[in-house]
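Take a look at the structure below.
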């Protein structure tokens, strides 16, 4: 029984159920809306956690994949009038194709060079969003993106969208937990620590790195798709380098080497600015101070915090998933 | 001169040194013999202040040096010739040697430094010929000499050598050991020599210790060790 | 002694240079199927380089390497283990970001096939495969006498156990040839005795063992065949007895007399 | 305006922007060499340099000759304090953690600057007038000549510092081999602190000298930091000469593509060219092979 | 499992905090403001925020609206769409405001329009883009003059001065690209030929390359459409290159600080702006004179900072809303109707005449062409 309770499926189900209960408690479109954005961010950072925390490959271009996913579905549904059911697979497909093509040369680089290359690619995509005015509307962006209709229900309010987004979060979490507890997950961790050793165990390291890069871009595109049909307006500013850096920061703040860390870090850094609205003009200053304090006090991330802090219950030994 | 009592060192949670005690008297050459992974280098790093977690006492000239930073330990007069030479490979021979004087360098004692440099070049003439060459382009033997010369530049009272023979051709090793003996005769420098090659080490030393899995298992005068069955068997390849 | 079918691994005139340094020079050797073959020699003699050449981490400048008659020196490193070669490393390369059983399970990589998508979906096949990997890992841990510590983190167990974990990882791949790079380094006498025992048992299940080691006792005791290297060259080759009485080996490796030669 | 003089003008513009990138890239390299960290707050050192100089000159009415150096020194001090309070306590943290801290610091510096000086863009008077100098049909501002001269001066000073002073040698030694540096008695911690001070100083100087032509506001640092990071990487991390050359090259690429191709895609053109180079030379354009090798000996 | 618990704990803490939010204390009219108080557009958002709060204080000092005090809730959008969406949702759902002023940037306004439309809450935007009110949306209004009218006035002035070949410079921001589009659309109407069309990044430090290219053409004037600090840099760069053709700027130039930043290079810049910037040269007969003087005096004495047209947009928006509240009270539909029926409202941007088909309410005459003369804004031709 115990075993059944700790499968990836049940863990994901708990997260989903918890989120829905939370929504029922909160019952305020503003807070629910924030949690919708949180869900989208979590989808991206789970992918980034697989890439960064597990496989040890940094990407400062996640916002670009997020953007390609969002723009593709946005353009297809508004400019070409395609139904969402068609634009959805196409947006994911286009994003992962782009990721695949740029991943091949990029992932040969290491460390800061990889960071720079992904950053540069992200910037190029951002520039394309700005300049392809007939398609993207340029810096002014474009709106009127249709809502999602699923099983005849139009997702026209925050509550419905919340359930939709968090169901996808649960699926993404389920898939990712499965990966990390499989041969592929172990191979990724092996690449992270000792790429050469991993190859002597039979891991085709360059192919696996590419796979996880493409997968993480797919997750980002998924979030982009959700973003486009939620906000219904897109402009390049959303998909800037700043957001890529924020995503990496979320993963690092939570604790890189664990997927739950990504969830925690994303939750903290998504909700924090909303709390800090209270401080008006000081918010950016306080945000910086909190961020720097977290990193100094918990350099390995918030995940697995030892003291029974006010935010986290004590972590139990042996729970290593 | 150096007195170590119940020194323990941990890496992560692994105990790499399990209560080591030894002493070195002024003017002695003492050797430490042990196989790969026996804790030799850990011991030396602990003395030089490079090991992270240590307990016990290390007295140098009756002063506790455990826990002091490496820069202070160098200033007190302990100089390490590390395993694997650890030179500044992209810098010139001259730069490497001058950096050896870091612990006491100032504008005022330039004369002293240049005379010390000359002395080093006299001891290792080959380095004098290659002053402007990058250290990384030297041959293995030359690099080892440079490493020793750099250590000597800091005016040490105790010179610690960590496996100076590793990876060198026998002829060059012989050359280096001859220089060490010469150095000893000229300056009466105290030396602590750590070697895997027991034969070589026992040849030049006066006293020795044998270390295995982080513990000293044997100690004694040169002859004592050379005739010890255990040493003969394990380190000298004789039954 | 180069008798065809009996040979599992053969190197022919292999040379590898690093910059000006010749790490392996015109080296030819044969490893017989089912043997315990040792490679000894002073530090810097090219032993680890040879291992790296066999496991494909580096490529020779010239010469060829054959495994079971198939040329392997042109293969990518990750292709080598699929042929049946696994190895350990001199400086202990275990994965500290995984617990012990997961470390051993990585050894089963070549015996499983699920890709990233099927692992993600955890469909029936992938789940069964995962189950099998775990069972096999447990089996080999038991074989190596380290069962019961699977859930521990590596830093919670002593150094010698970590070494055994690394060897278990290599053995769990069920290779035909296992390369052990200084497995006894850092082990005390009792631990070394256990290691000898283990190596015998690895050989008993039909695995050929190629070992690099400094512990001369261990080598003399277990090896069927010993190859002595010095400066990348083979200077002697034969049984323990032959090698021990070889003048050249005594001179170079056992540290005697070379000053006077 | 003849095409030739247009081309010359593009070149001069490119060198102007490129020199600024080069200055930022040098700062990146100094810290990278001593710690392996990419200091993402480097651009904010530039911003702080400009802002503090504006504060001293425009608000406190100090003469320009005093405001500039004071500002640069204050920024150097900020760099040292930053290292002591945020980097130093985390001796064994991973590089990525430290980089995240520099991101946090960057947010903090921006927030602080906004809090103190608001959100407006400020300017300083040019050091020697605004009268453009004409040159073969192209023009160049005296301030641009100042920027280039300061760059040359800093490069020369750094060369002398690293080659002829003991502290410089010791810093260089730390970057090549920390363990060896420890062994010869160099206090590596102090060298790290010094490197933050030095790179902040250079950032501060850059801020002071660019403010007269490009204005300064609290968010100015991000873009400069980004371009400087690019220059540092493409020049081969840790390679000073490479950083200067790559910085100017990026400036030229931007200027040529803005002038000759498309201004909208100018950054993209520059990035694509540099990425292509990076794919073929993964260690940066100016990575010197033998030194690279010696480093990883 | 503990991990799941951990995340849930954070989320529950979050929800608990959301329940702790202030409950209604006393009767008041709540209005919201969403401005880019920080971030790259903060030089627009800050005066807007200041102005709105200033008016709220003024109204409350006079006893509120029909005896009911006004309560303002201000949120920072950082000029970011996601944050703006959150902010507007917060105002509508948590703070329960009757109407919202903002946002600062066109992009953020476009992003929040679906929300206010659905929540049926009036929004008076301070952003420039025409797409905000064209097509007309039931609940959305705006106070800044239209980009189109700015382009109209610029081209009109050029035509009067015999210019027919222009070079367009614009920043790759929403404001810049919207202006560029208007300039392209209207060129033919005014017989203008665009001989160069250059863009630059909003944070670029040097535009000499683009200007050199323009210098190589036979343009008779340059129009630059962007926000600070690029506007000042363009002026400086033109001067450096020895370009003597006139520089026209957009109405984004509406703050005297940019003139200071550009120094002598700003001399002679011509641009369209509300009359606020040249209060002194507006004749007393102009109906706006009184409002302009009032706002300028109040703002500059309170914040010790020169007025900008951006703050003026918030001034107009807030007063229009106050008027609507006076008539309609706490009734969103009533407020909306009352805004839509505002006629002859004299604001800093011009005289507003809203209607069912016009949610901006200003014509081209709302702009005055100004020129920089001795570091001051002067009405062109005076």
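The first chain written gets the first letter, and so on, giving A, B, C, D and E; residue counts start at 1 in each chain.
Quick note on the criterion: a contact is a pair of C-beta atoms (placed from the backbone, for glycine too) under 8 Å apart; a residue touches a chain by one contact, two chains touch by 3 or more.
Given the structure is predicted, the values throughout are model-derived calculations rather than measurements.
S.K.: Strictly by the touch rule at the top, which chains does chain C share as contacts with chain D?
M.R.: Chains in contact with chain C as well as chain D: A, B.
S.K.: Hopping along touching chains only, can you work out the least number of steps from chain A to chain D?
M.R.: Minimum number of steps from chain A to chain D: 1.
S.K.: With chain centres defined as mean CA positions, report which chain is farthest from chain B.
M.R.: Chain E.
S.K.: If I rank B-D and B-C by number of C-beta contact pairs, which comes first?
M.R.: It is B-D, judged by the count of C-beta pairs in contact.
S.K.: Provide the C-alpha centroid distance between chain A and chain E, rounded to the nearest whole angstrom.
M.R.: Each chain reduced to its C-alpha mean, chain A and chain E end up 34 Å apart.
S.K.: List the centre-to-centre spacing of chain B and chain E in whole Å, with centres computed as mean CA coordinates.
M.R.: From the centre of chain B to the centre of chain E is 74 Å.
S.K.: What is the distance in Å between the mean C-alpha positions of chain A and chain C?
M.R.: 41
S.K.: Give the residues of chain E touching no fewer than two other chains, as numbers and ranges.
M.R.: Each of 38, 172 in chain E touches at least two other chains.
S.K.: Which residues does chain D have that touch at least 2 chains other than itself?
M.R.: Residues 114, 222, 264, 267, 293.
S.K.: What are the residues of chain C that contact at least two other chains?
M.R.: none
S.K.: Can you give me every chain pair that touches, using the contact definition above?
M.R.: According to the stated criterion, the contacting chain pairs are A-C, A-D, A-E, B-C, B-D, D-E.
S.K.: Can you tell me which positions in chain C touch chain A when the two form their complex?
M.R.: Within the complex, chain C touches chain A at residues 55-57, 76-78, 80-82, 86-87, 89, 93, 95-99, 102, 105-110, 112, 114-116, 119-122, 126, 129-130, 133, 151, 169, 173.
S.K.: Which residues, counting only chain C, touch chain B once they are in their complex?
M.R.: 42-44, 155-156, 158-159, 182, 185-189, 214-217, 231, 250, 252, 254-256, 258-259
S.K.: Could you pull out which chain A residues touch chain C in their complex?
M.R.: It comes out as residues 8, 175-176, 178-179, 181-187, 189-190, 192-194, 196-205, 208, 211-212, 215, 257, 318, 320.
S.K.: State the interface residues of chain B toward chain C in the complex, per the touch definition above.
M.R.: Within the complex, chain B touches chain C at residues 12-14, 35-38, 140, 166-170, 174, 196-200, 212-213, 233-234, 236-237.
S.K.: Can you name the residues of chain E that touch chain A in the complex?
M.R.: Per the stated touch rule, the residues are 1-15, 17-19, 37-38, 74-76, 79-83, 85-87, 89-90, 92-94, 106-107, 110-111, 113-114, 118, 129, 131, 172-174, 176-178.
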